[in-house]
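Each of the next two complexes has chain A plus one more chain, namely chain B in the first and chain C in the second.
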Partner chain A sequence: MNYIDSNLKVVGTRPIRPDGIDKVTGRAVYSADTRAAGMLWGKILRSPHAHARIISIDTSKAEAVPGVRAVVTAADFPEIASEEAFVGEGPMNFRDLSTNIMARTKVLYEGHALAAVAATTPAAADEALALIDVKYEVLPYVIDVDEAMADGAPVLHDDMFTAGVNPKPSKPSNIAKVVTFKKGDADAGFAQADIIVEGRYTTKPVHQGYIEPHACLATYNPDGQVTIHASSQGHFMIRAYTAKLLGLDMADIRVNPAEIGGGFGGKTLIYLEPVAVALSRKSGKPVKMQMTREDVFRGSGPTSGASMDIKIGAKKDGTIVAAKQVLRFQAGAFAGSPIGPGCMCGFALYDIENVDVLGYDVVSNRPKVAAYRAPGAPITSFAVESALDDLADKLGIDPLELRIKNAAKNGTKTHYGVTHANIGFEQVLAVTKAHPHWTSPVAPGNGRGIAMGFWFNIGGESSATVHVNEDGSVTAATGSPDIGGSRASMGMMVAEVLGITVDRVRTTVADTASIGFTFLTGGSRVTFATGMAVTQAAEKVVEDLKRRAAQTWDIPVEAVEWRDGMAYPAGSNAGAFEPLDLAALALKAGRTGGPINAEVSVNAQGAGAGFGAHICDVKVDKETGHVEIVRYTALQDVGKAIHPSYVEGQIQGGAVQGIGWALSEEYIYNAKGQLDNPGFLDYRCPVASDVPMIEAVLVEVPNPRHPFGARGVGEVPIVPPMAAIRNAIKHATGLQLTDLPMSPPKIRAASDAAA
Partner chain B sequence: MARQHVTATINGEETDFLCETQQTLLDTLRDVVGLTGSKEGCASGDCGACSIIMDGRLVCSCLVLGVEAEGSTITTIEGIADGEKLHPIQQKFLEHAALQCGFCTPGLIVATKALLDENPNPTETETRYWLAGNLCRCTGYDKIIRAVMDAAAVMRGETV
Partner chain C sequence: MPTVVLSSGGSCRELTGGLTTFEVEATTFRRLVLELEQRFPGLGKQVEESMAVAIDGEIFQDAYGAVLKPGSEIVLIPKIGGG
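Here is the complex of A and B:
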């Protein structure tokens, strides 16, 4: 059914989330909050070198430490053949995943895991780690993406021959893959252009910065059955990867989803779980592992840093006639940066006849990147949206008008082949143009910037069950970890379909043995895809309840109407019987067919792309280089906001992560290829005093492919901030910055150079 | 290593426990006393997820040793509500949707309690600076600040 034009009673309201009390009282159980009887503490030894061959690992002294029960190295894990899979939010090679969680022959970055210990106390585990004797042959390393691509750079993988070029290269290199997207003829397009802007832009790797470090508790039983308690963006993902990396059957692994303390893409792959299981298997005890914050920074995925060249040509009237972009993305130590989405998302917002995008996926001696909100899109859009602002300046056109003139519409064919359908970019631009922030004067000395963002959003596989309990209350379960309030939105959709109040629906996240497969929480898919599954399950329950009422009244099911949580006799039978509510129907369930429940699994399609526009006012202190965000407005096409507060929250949170990316966050390496700022003191995420209120404006253009019109909202808001801020700084100071982060030293240096 | 016997008043209850001399108060609260509401986000005093009120002062419990708790009075997130009745700060966090993943929430609520104990009528700027020691990566702080300001108004008796 489609409810888009219905008179909705629950969807669109702002109830208190069902898991709220647990989370404001400290009762919610996150990854590190459980224990098991006889539990050991597992810890990981990490490489101090950026690149080295492992000559030998002697664990004998570590094993002799009192309290140590097991030590594992790569020798305790099966060798995994190279196998490409597109899972999670990006490409994944299982051999690489295995080698990433436990180095086999070489360590490829500082922080690369190469041994692990389980002991009765954390102190004993630490003592043992210090006694593991590793002999290394230290190798030359490379950190920067352009240096990694240069001839003569240290090569990380002897078997990496660039994919996507013909003929296949004769020598291995650090370029894992080359991708191209072409539409029209860019050179011919530039020949028609009156004005051309060009630029070179760089971004630094930034960490997702979830506050909860990775942790897990794993128990391996002698019969081969494994239980894992861990937070993640997908407990089915943990099960699949752990099974793959240890050669176990999926049915023998049960993963209980802990509450997740943030992920943003960074918990779409695994680091600890197979190690904890291996330690548990060896020791015969449950093993708890928990990363330190340093481990998180050194060993888990940031997103790519990149260097990019861009060229955009336009007619005098502002019509963009050609665009070209070259993107070089750092993948970290193993192939698989988000270069694909990076190449797709920058120009997808505009109707441009001639587009040429070339992307490189490049390995270097850094931790393997992981997905981070709209993977790839913020990087490419930093370049595209900055260049467009420069183009608007050159043309003497208002930067918003330039976007409006060239905006993609329904039917616009993108350079990656997809034709836009059901998008709301024009509506977002119209609301932006009329917004009081945009129409207000800029305070003297300040600068205002604007930039756009796009993410295609995804659907995919989800399962949900809805049960009407014996007393008529309702339980709904899904396989989607709740990372930011999805229990609330799921429960609201069920309540809406059943015609009851939301407090009568309890929503849970079921473990891997208790519900059908559900793809992970990522790509902004849960409200869309799992929302579709839970809606359909509730609809099946309604159909079943109508059938039961018909049976009770002995009338045809077509003569039963369901409204406001009750079955009514309708048509010629109207008024003939007292309506039956959920409790009455539940009471008679045993006589009308047994338990009342429905499970639905879907492979949801038609996610509906999302578009956003961000407006930012800044004040720049040229003396200190400090940039103050004075006012910030984020407008976005959100489809239908199921729970508007949590939609706003996604937008506000994404915008502030983008502010950090723009102004302060970066990985800083020393001369030995070691990360110099693996902590929240020196890796500077925005704090409350760094930012103003973020006005989130919800532009609701319903997605017809979802029963309530929802589209994903979590990714888009991190895409525009970097360029919006860069453009604002430009209009405040005249400085055309091209390198992130635009931190005080960079602003000062640019000011000095300009003066 | 001999463990130390420590007696402290935690959330109004006299509590005694044994802890290692090198064990932080955060680890002691979580692993020995069993109060896992205080979270470890960094163990270096930078994220505020482990915030507690100790003898009237807001501290990061990861920067205090368990043995230093001897004789002290401690409030953790588990002690903020009055039995089953939520504290207005907790209630306003829920009403304003001031949490997404909820991991920083215990620390933020404790830090807010300490703020409002000291300054019942903070400005937005004062609130932002006071809470600058509590990282939240999900919300962008907007709804948190609104929840805190609203809770302060309720506690002053100006609104409900």
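Here is the complex of A and C:
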């Protein structure tokens, strides 16, 4: 059923968040809060070298430390053959995943795990780690993506031969893959152009910066049953990866989802869980592991950094006739950067006849990258949206008008072959043009920038159950970890379908043994896909309630209608009966067929792409190079906002993370290839005092493929900020910056050079 | 017959010997995958494991039953995840 044009009473309102009290009172149980009787503390030994061959690992002294119960190395994990699968948020090679959580023959980055200890106290575990004797043959390393691609660069993997080129290379290299997308004839298009802009842009790897470090508690029972408590973006993902890496049956593993303190894509793969299970198996005790912040930076994945070349050509009237882009993405130590979406997203917003995009997936001696909101899109859009601003300058056209003139519409065929449908980009641009931020004058000395963003959004597999309890209250359960407010939005959709108030519905996140498979929370899929499942489950409950009312009144089910949470006879011919509410029907459930519940599993399609526009005003201190964000407005097509406050929060959070990416966040490596700033003091994420109130403007273009019109919202808002800020700085100072972050030293250097 | 378009260069084109557009006799996505595997060994497997498909403009991921019509355009693209 589709409710888009219905008179909605719950969806679209702003009830108090169901997890709010627990979180603000400190009662919410995160992974690090879990305990078990007899629990041991697990800790990991990490490589001090950026690249080295492991000659030997002697754990005998560590094992002799009082309190130490187990030590594991790669020898305690099965060797896994190279096997590509798309099982998480991107292509995954299980051999790489296994080698990433425990190095086997080489360490490939500083922080690479190569042994682990379980002991009765953290101090004993630390003492044991210090006594593990590792003999290394230190190898040359490479950090930078362009240097990693150069002839003569240290090669990380002897068996990596660039895929996607013909003929197949005869020598291994750090280029894992080459991808290309072509539409039309770019060279012919440039020949028609009156104006051409070109540029080279670079971005740094940035961490998702979730507040909660990775942590888990694992228990391996003597009968082979495993229980894991962990926070993640997908407890089914933890179960699958742990089973694969340890050679266990999934049915023997039960993963309980803990409250999650942020993920943003970084918790779509695993680091600790198989290690904790291996330690528990060896020691016979539950094992708890938790990363420090330093571990998070050294051992878990940021998103890619990149270097990019871009060229865009247009006619004098602003019609873009050709575009070319070359993208080189750092994948970290193992293949798998988001080069595919990186190549697809930048020009997806525009109707361009001739496009040529070439992408490289490149390994180097850094932690393996993980997903980060709209993986790849913010990087490519930094180059595209910056170049478009320069193009607008050259053409003497308003930068928003340039976007409006070339905007993709329903029916526009992208350079990667997909034809846009049910998109709201034109509506976003129209609202942006009329917004008071855009129409207001820029304060003297300040600069204003604008940039756009796109993300596909996805659907996928989700399961949900809806139970009517004995008193008529309702419990809904899904398999989706709640990262962006899904418990609230799921409960609201159930309440809307059942015709009751949302305070009568409680939503939980069920463990892997208690609900059907649910793909992880990512790709901005949960409100869309799991929302579809929970809506259909509620509809099945309504049908069942109508049947039970019909049975109670002894009339045909067709003579019963359901509205406002009650069953009514459908007209006077059906009979004169008092309406039956949920509580009345639940009370008699035993007489009408037993418990009232429904479970639905879906593989949702038709997610509906998202588009956004960000406007940013900055003030630049020319003495210090400090950039102050004076005003920031983020406008986005969100489909139908189920709970507008959460949607606004997603947009504000994405914008703030983008501000950090633009202005301050970067990994700083020393001359030995070691990370010098593995903490929030030196790795500078923006805090509340760094940003103004981010005004989130919800443009609601309902997605007809969802019962309430929802589309994903969590990824688009991190795409435009870097270019919006760069363009604002340009208009404030005249500096055409091309390298992120645009931190004070860089702005000072650029100012000095310009002077 | 539906037309298959490889939007992305790279390993798919290696398997098709450089072909980027061709027709395949199939009425469902599953049949398409089987036909691709038969005609270009390795391509069907690759499509199934690591690619999404856009059928007449709409992206489908993992949908064997998606219906193909005569004249449908099927674009093979990298599978899409997210963060």
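Just so we're on the same page, the second predicted complex is superposed on the first by the 750 of 755 C-alpha atoms of A that agree within 3 Å, B and C clash if a C-alpha of one lies under 4 Å from a C-alpha of the other, contacts with A are read in each partner's own complex, and residues count from 1 in each chain.
Throughout what follows, a contact is a pair of C-beta atoms (placed from the backbone, for glycine too) under 8 Å apart; a residue touches a chain by one contact, two chains touch by 3 or more.
What you see is a predicted model, and the numbers here were worked out from it, not measured in a lab.
Contacts of A:F264 after superposition on the shared chain: both chain B and chain C are touched. Contact with neither chain B nor chain C is seen for A:S56 once the two complexes are overlaid on the shared chain. In the superposition on chain A, A:G20 makes contact with chain B only, not with chain C. Of the two partner chains, chain C is the only one that A:G522 touches; chain B does not reach it. Judged by the touch definition given at the top, the superposed model places A:I458 against chain C, while chain B stays out of reach. Shared-chain residue A:S170: touches no atom of chain B or chain C.
In the superposition on chain A, contact of A:S572 is made with neither chain B nor chain C. The contact surfaces that chain B and chain C form on chain A in the two complexes overlap at residues 208, 264. Put simply, chain C touches chain A in their complex at residues 5, 7-11, 13-14, 18, 49-50, 54, 56-63, 66, 75-83. Chain A contributes residues 84-86, 88-91, 163-164, 166, 168, 177-182, 208, 264-266, 268, 303, 338, 340-341, 343-344, 371-375, 413, 415-421, 455-461, 522-525, 603, 605-607, 712, 714-715 to its touches with chain C in the complex. Put simply, chain A touches chain B in their complex at residues 14, 16-17, 19-30, 32-33, 35, 121, 123, 208-213, 259-264, 290, 292-293, 483-485, 643, 645-646, 648-650, 652-657, 679-681, 685-691, 693-694, 696. Of all residues in chain B, only 1, 20, 22, 30-31, 35-44, 46-47, 49, 76-78, 80-81, 86, 90, 93-97, 99-106, 109, 125, 127-129, 131-146 touch chain A in the complex they form.
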